[in-house]
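Each structure below is given as structure tokens.
You will see subunit A twice below: alongside subunit B first, and alongside subunit C after that.
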Partner chain A sequence: MLADFLLIAMNGLVWAMAIFLVASGLTLVFGILHILNFSHGGFVMIGAYLAYSIMNLGSGAVGIVAFLGLALACAVTVGAMGFVIDRVVFKRLKDVDDSYSLIATYAILLLSEGAVKTIWGPNFLSVYPPKGLGGAVFLGDFIMPAYALFVIGAGIAVFLVLDFWLQRTASGKIMKSVALDPWMASLLGININLIFTVAVVAGFALAGLAGGVLAPNQSLSPMMGGTYIIQAFGVIIVGGIGNVRGAFLAAILLGLIDAFGTVYVPSLPGVFFFVAVAVIILFRPQGLLSGVR
Partner chain B sequence: MVQISRRKVLHLMGAGVATSALSAPMYARAQSAPYKMGFVSALSGPAEALGRPMLFGAQLAVDEINAAGGINGRSIELHVRDTKAKPDTGTVAARELIGEGCNMLLGCVSSSVALAINGILKQENATLITAAAHSLRLTHEDFNRHYFRVTDNPYMRQRAQAKLMAELYPDVTSWGGLIPDHEYGRSTWEAYRHGLNTFYPELAGVQPTISDPILTQYGGSDYRNYIASALRDPAVGFFSSLYGGDAISLFQQAKPYGFFQKKAPFMDSANEFIAARAMKQELPEMWVGSHWYFGAFKGNEISDRLYNKYQEETGNKHPDGFVSEGHATVMAYAGALAKAPEGSTEEVISALEGLTFETATGSRTLRAEDHQAIKPVIIYRLRGADNDAGFEIMEYRVIDGAETIEDATPGQPVNW
Partner chain C sequence: MDNNTTSFGFKATPLIALALCFAAFATVPFWAEKGLVFLAGILMLQIVFALSFNLIFGLTGLVSFGQAAFFAAGAYASAWLSSYAPDLPFVLTLAFGGLVGALLSVLIGMVALHRASGIYFAILTLALGQLIYTLIGKSTALGREDGLIGITRPNLNFGLFEIDLSRGDDYYYLIFVASAGMIVSLWWVWHGTLGRTLSAIRQEPERIRFLGVNVRRYREYAFVISGTVTALAGALLAPWSQIITPMIAHWSYSALPILFCLLGGSTRFWGPAVGAIVFAGLEHSTRNMFGMAELIVGGALLFVVLAMPGGILGTIALLRQKILSPAEGRPSDE
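Right, the complex of A and B next:
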């Protein structure tokens, strides 16, 4: 009974951290640029496919350290793509209506899907978990896959690094000030265009990192971009758009609700996440933690 | 009194001569013009990986027939449209093809698209032969004379799978299921459950204990909660009808829990080699349902040719059954056109009813009453392996479809 309860709770946490890994970059870009980046899922997908290709340069499964290096390489590569996209697209979206941003980012999503299909083909692919994380951890009757624990750890680590950066470092505080009042920040001599670019590159790098870390979590296909993005949007809305702490909290809350709901009310699969989002927004339309923090 | 002048008579005569002169070649042209067939299936989107091999098979059949001189001296022209596996897009694509003169449609990966196109066939005076859409409604509740299916259906396949389990694992008498929460998932489970209840008492002499199925989300990224539910289930044997990417995600996530050791045997409804190609050495051992397995039909000329050609052009040594099913749709039309050379819809329908034709799995017959093909069900046992492909076929079974097919009740639900 206790083992069951623990298993469901841990499954909820795995889901939560997987979604948080995807949502963190999304909420960062929105918090600073106020652009809802529909293409974010597409770059998570590109990160995952890059991980697949890098792993297949060798014999397949790699060790944990190599896997972490590989995920960082995905982050750097996708971050570089973010730099190009910022220069080519996002720079032009700052002073236009939101609807243009939605159309532009949706178009980038379609382009990323097309690029993946052209490069890697339409067939399903899969990535091995890192060596040493393919098995499970046993505690009495409780079983937890080692890779699932790794995802939880990765989600917490990303949250701590992001939180530290935004709360404790000068560059993070400058970024928050630009998010709150770009005009005043520019009057104070802050290069807000540089800050915008840093936010976009960091957001895309987080997408690449999420793709790399989550590549062994599920199948890879050119439609993968849409798999996480709906839940990621739900998490950043419930958390308070642009708020990293809110997204982290919302991911855990929604993950646990979805996990227990799915197991104890099996006739309604996948419904609890959406019900929870609707109910929370009804009572706190601004999200659990509003504003950029 | 109507007066006709000499000039007018000459004009009329001239017009008559001109008409005769023009209509003769037109008639001759109609007799030699290609038969137009419309391929309508998913060529992009989530089901592209299924629709493309289907198109390969259909196109190969067309090329072979044309190279051999066509049918009745007329070649076949294959027009192609993408449904994106969406019913509305599929309906538009079907109407476009019919507008181009293709009254013989074929293809369809998903049941929802086939059901949508099925609804317009009578009005548009066209026929559709599907190569994969499995909904039982197509040959039962929603039956109409314009629709045919050359492949098996859940009643045939899942009951054949259940029969095989009863034969091979008479001691595994408790069964559970992981099924997607939509029409296909429910109909596959209903048929499998029915098969277990029929064949375990008959072949193993015991009544099986069957748990309620675990319904899963379609297109999800995380299946661990469903896996947790399945692990809590006392059932030993498990059936799954999750498909494509969803199935692969489930298998990947279930493996570390020791799921496939605890829940064995594991029967997969229809993933052919899709999951095996993706997971390779990581593929857990399972039985898998298929439309066609080339290794089971060695010596069948069509099967051998199809396999060699597919392997040559794609480099893929394990083609999925969608290749043979695409091929079979064209072969069915070709057989009908040999009997109905004008190719009018009504004639083609009459010719297809009860037609027996050759395919990569041997002869198939389209049952006259409900237009369901009687064909073998193929099931193989797969597992990851340390070889070039990354997996191996441990054994396979070919079960005669006639043994597990349902009673024909067109217009009525399946008589369970």
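Right, the complex of A and C next:
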């Protein structure tokens, strides 16, 4: 019984950390630029496909260290794409309505789906988990795939690094000050345009990293970006848009709700996530934690 | 005098374009092959879908990302009723689809307009729409992920005579007449007192609130009218395509009317119709190029959002203004 309970909770946590990996960059970009980036999921997808291509250059499965290096390579590549998109699109969206930029970035999502379809084709592709993480971990009568524990670890690591950066370092604090009041920050001699660019590149790099780390988590298809972005939207809106800690909390909360809901009402998988999002927003429209943190 | 006739000529152009469109849709079965007739029927329903959506988007200024839920509600409700009680008059089946859409939009409107605004409203309607999508895909009575198939085209019984809509192009003309009727009603709402109030709310919600208008109530009116008409368009779709799948409730289907509105110009009544027609043309010409559809549609949408904020109609109006009065320079703020 307890083992069952733990297993469900762990499954919820795996989902939660996977979605947090996606949502972290999304909420960071919104916090600084007030652009809710619909295309974020598309770039997670591009990151995952890149991981697939890089892996197939070699012999398939790689070791853990090589896998992490590969995920970093995806992060750098997608971050570079983010730089281009910042110059071409985001620079022009600064003074328009939030919902308008939502639609502009939806167009970029369509573009990334089209690009994936033309480059990699419509078929489902699969990526092997890194060597050493293919098996399962036994803790008494409690069994978890090793890769699932790796996803949880990656989610927590990204959260700790981001949180440390934003709360404890000078550059992170400058970032927060620009988010709160860009005009005042510019008067204090901060190059706010540079900060905006850094935020976008960091956000996209997080998308690429998420794509690389999560590539073995599911089969790759051109629909993957859309699926991820909807769940990430739910997580960041419940957490309070722009709030990294909120997104972390919301991911765990929604992951557990959905995991337990699906186990106890198996005929309706996936419904509890949306019900929870609607109910929480109804009572806390600003999300669990508000403001930029 | 000369000047007057020119400006009259320009004023008449939209009317002529409208009449041409009307004539084109009315005569499609006479000059086009069957596949194209089918697409024209779908296109008319998509125009109604987009025009009804623009009541909340362009007129009231709310970005809803869950409009497909109403379209699907209408389609599924009427299709389900027609298979459950095949002897029921078709008008009742249609009305049932509209009613379910209306109830659903009251519910979603109450939840989403309760406190959420701006981007929160967009995401909340998106989540609620996905909830409907998931529920439809999991419900056995609605065919789960496979949808409902073999939906029959009904008989229209007028007492004195009967029209069998399964014959020839009869159902096409039913869609034509029904769409025209719904478009006229939407035009009337858009240009009437309600429409003007909604437009004022979009521009200055705070000021209108001070004038004693219940802003939320009016937004709810717009939301429900829009949802009901959308549901009716969905209810008309079911017997036409004879198969419906949960895809028509998916969020990517909710993005369609937004696309149509922005492409054509959301501040004008006919904008979404222009957008839908142009989009259908784009889609039809790229249908055999895999992955190209997304690239072209995405590229076009991005271009419109960044470079043509008024959409196609807005840009035409701007160009016309420049041609008519090149000396005046910039148009005034009005």
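In this section, the second predicted complex is superposed on the first by the 291 of 293 C-alpha atoms of A that agree within 3 Å, B and C clash if a C-alpha of one lies under 4 Å from a C-alpha of the other, contacts with A are read in each partner's own complex, and residues count from 1 in each chain.
Definition applied: contacts are C-beta pairs under 8 Å (C-beta built on N, C-alpha and C of every residue); 3 or more make two chains touch, one makes a residue touch a chain.
Worth saying up front: this structure is predicted, and the values here are computed from it rather than measured.
K.L.:
Looking at the superposed three-chain arrangement on subunit A, would you call subunit B and subunit C a clash or a fit?
P.N.:
Here the two partners, once superposed via subunit A, clash with each other.
K.L.:
Identify the partner contact of A:Gly58: answer first if only subunit B is touched, second if only subunit C is, both if each is, neither if none is.
P.N.:
neither
K.L.:
For A:Asp258, select first, second, both or neither according to whether it touches subunit B, subunit C, the two together, or no partner.
P.N.:
Only subunit B is touched by A:Asp258; subunit C is not.
K.L.:
Just checking: does A:Asp98 make contact with subunit B only, subunit C only, both, or neither of them? Give me first, second, both or neither.
P.N.:
Touch status of A:Asp98: second partner only.
K.L.:
Could you say whether A:Gly153 touches subunit B, subunit C, both of them, or neither, answering first, second, both or neither?
P.N.:
In the superposition, A:Gly153 touches no partner, neither subunit B nor subunit C.
K.L.:
Does subunit B (first) or subunit C (second) touch A:Ser267, or do both, or does neither?
P.N.:
In the superposition, A:Ser267 contacts both subunit B and subunit C.
K.L.:
A:Ile241 in the overlay: touching subunit B, subunit C, both, or neither? Say first, second, both or neither.
P.N.:
In the superposed model, A:Ile241 contacts subunit C only, not subunit B.
K.L.:
Given the touch rule stated above, what does A:Ala136 touch, subunit B (first), subunit C (second), both, or neither?
P.N.:
A:Ala136: touches subunit B, not subunit C.
K.L.:
So, does A:Val89 touch the first partner subunit B, the second partner subunit C, both, or neither?
P.N.:
Once the two structures are laid over each other on A, A:Val89 reaches subunit C alone.
K.L.:
Scan A:Pro122 for contacts with subunit B and subunit C and give back first, second, both or neither.
P.N.:
Both: A:Pro122 reaches subunit B and subunit C.
K.L.:
Counting clashing C-alpha atoms after the superposition, which of 238-246, 274-282, 292-300 or 310-318 on subunit C is the one that bumps into subunit B?
P.N.:
Stretch 238-246 of subunit C has C-alpha atoms clashing with subunit B.
K.L.:
Please identify the positions on subunit A that touch both subunit B and subunit C, taking each partner from its own complex.
P.N.:
The overlap between the subunit B and subunit C interfaces on subunit A comprises residues 117, 122, 222, 226, 267, 269-270.
K.L.:
Help me check something: in the complex, which residues belonging to subunit B touch subunit A?
P.N.:
44-46, 48-49, 52, 181, 212, 214-217, 219-222, 224-226, 228-229, 231-232, 244-246, 248-249, 252-253, 256-258, 274-275, 277-282
K.L.:
Can you tell me which positions in subunit A touch subunit C when the two form their complex?
P.N.:
Residue list for subunit A touching subunit C: 36, 89, 92, 97-100, 102-104, 106-111, 113-118, 122, 222, 226, 230, 233-234, 237, 241, 267-271, 274-275, 277-278, 281-282, 285.
K.L.:
Report the residues of subunit C in contact with subunit A in the complex, numbered from low to high.
P.N.:
By the definition above, subunit C touches subunit A via 63, 111, 114-116, 118-120, 122-124, 126-128, 130-131, 134-135, 138, 251-252, 255, 258, 262, 290-299, 301-302, 305-306.
K.L.:
Would you mind writing out the residues of subunit A in touch with subunit B in their complex?
P.N.:
That would be residues 4, 7-8, 11-12, 14-15, 18, 60, 117, 122-126, 128-129, 134-136, 143, 145-148, 216-224, 226-228, 231, 258-259, 262-263, 266-267, 269-270 of subunit A.
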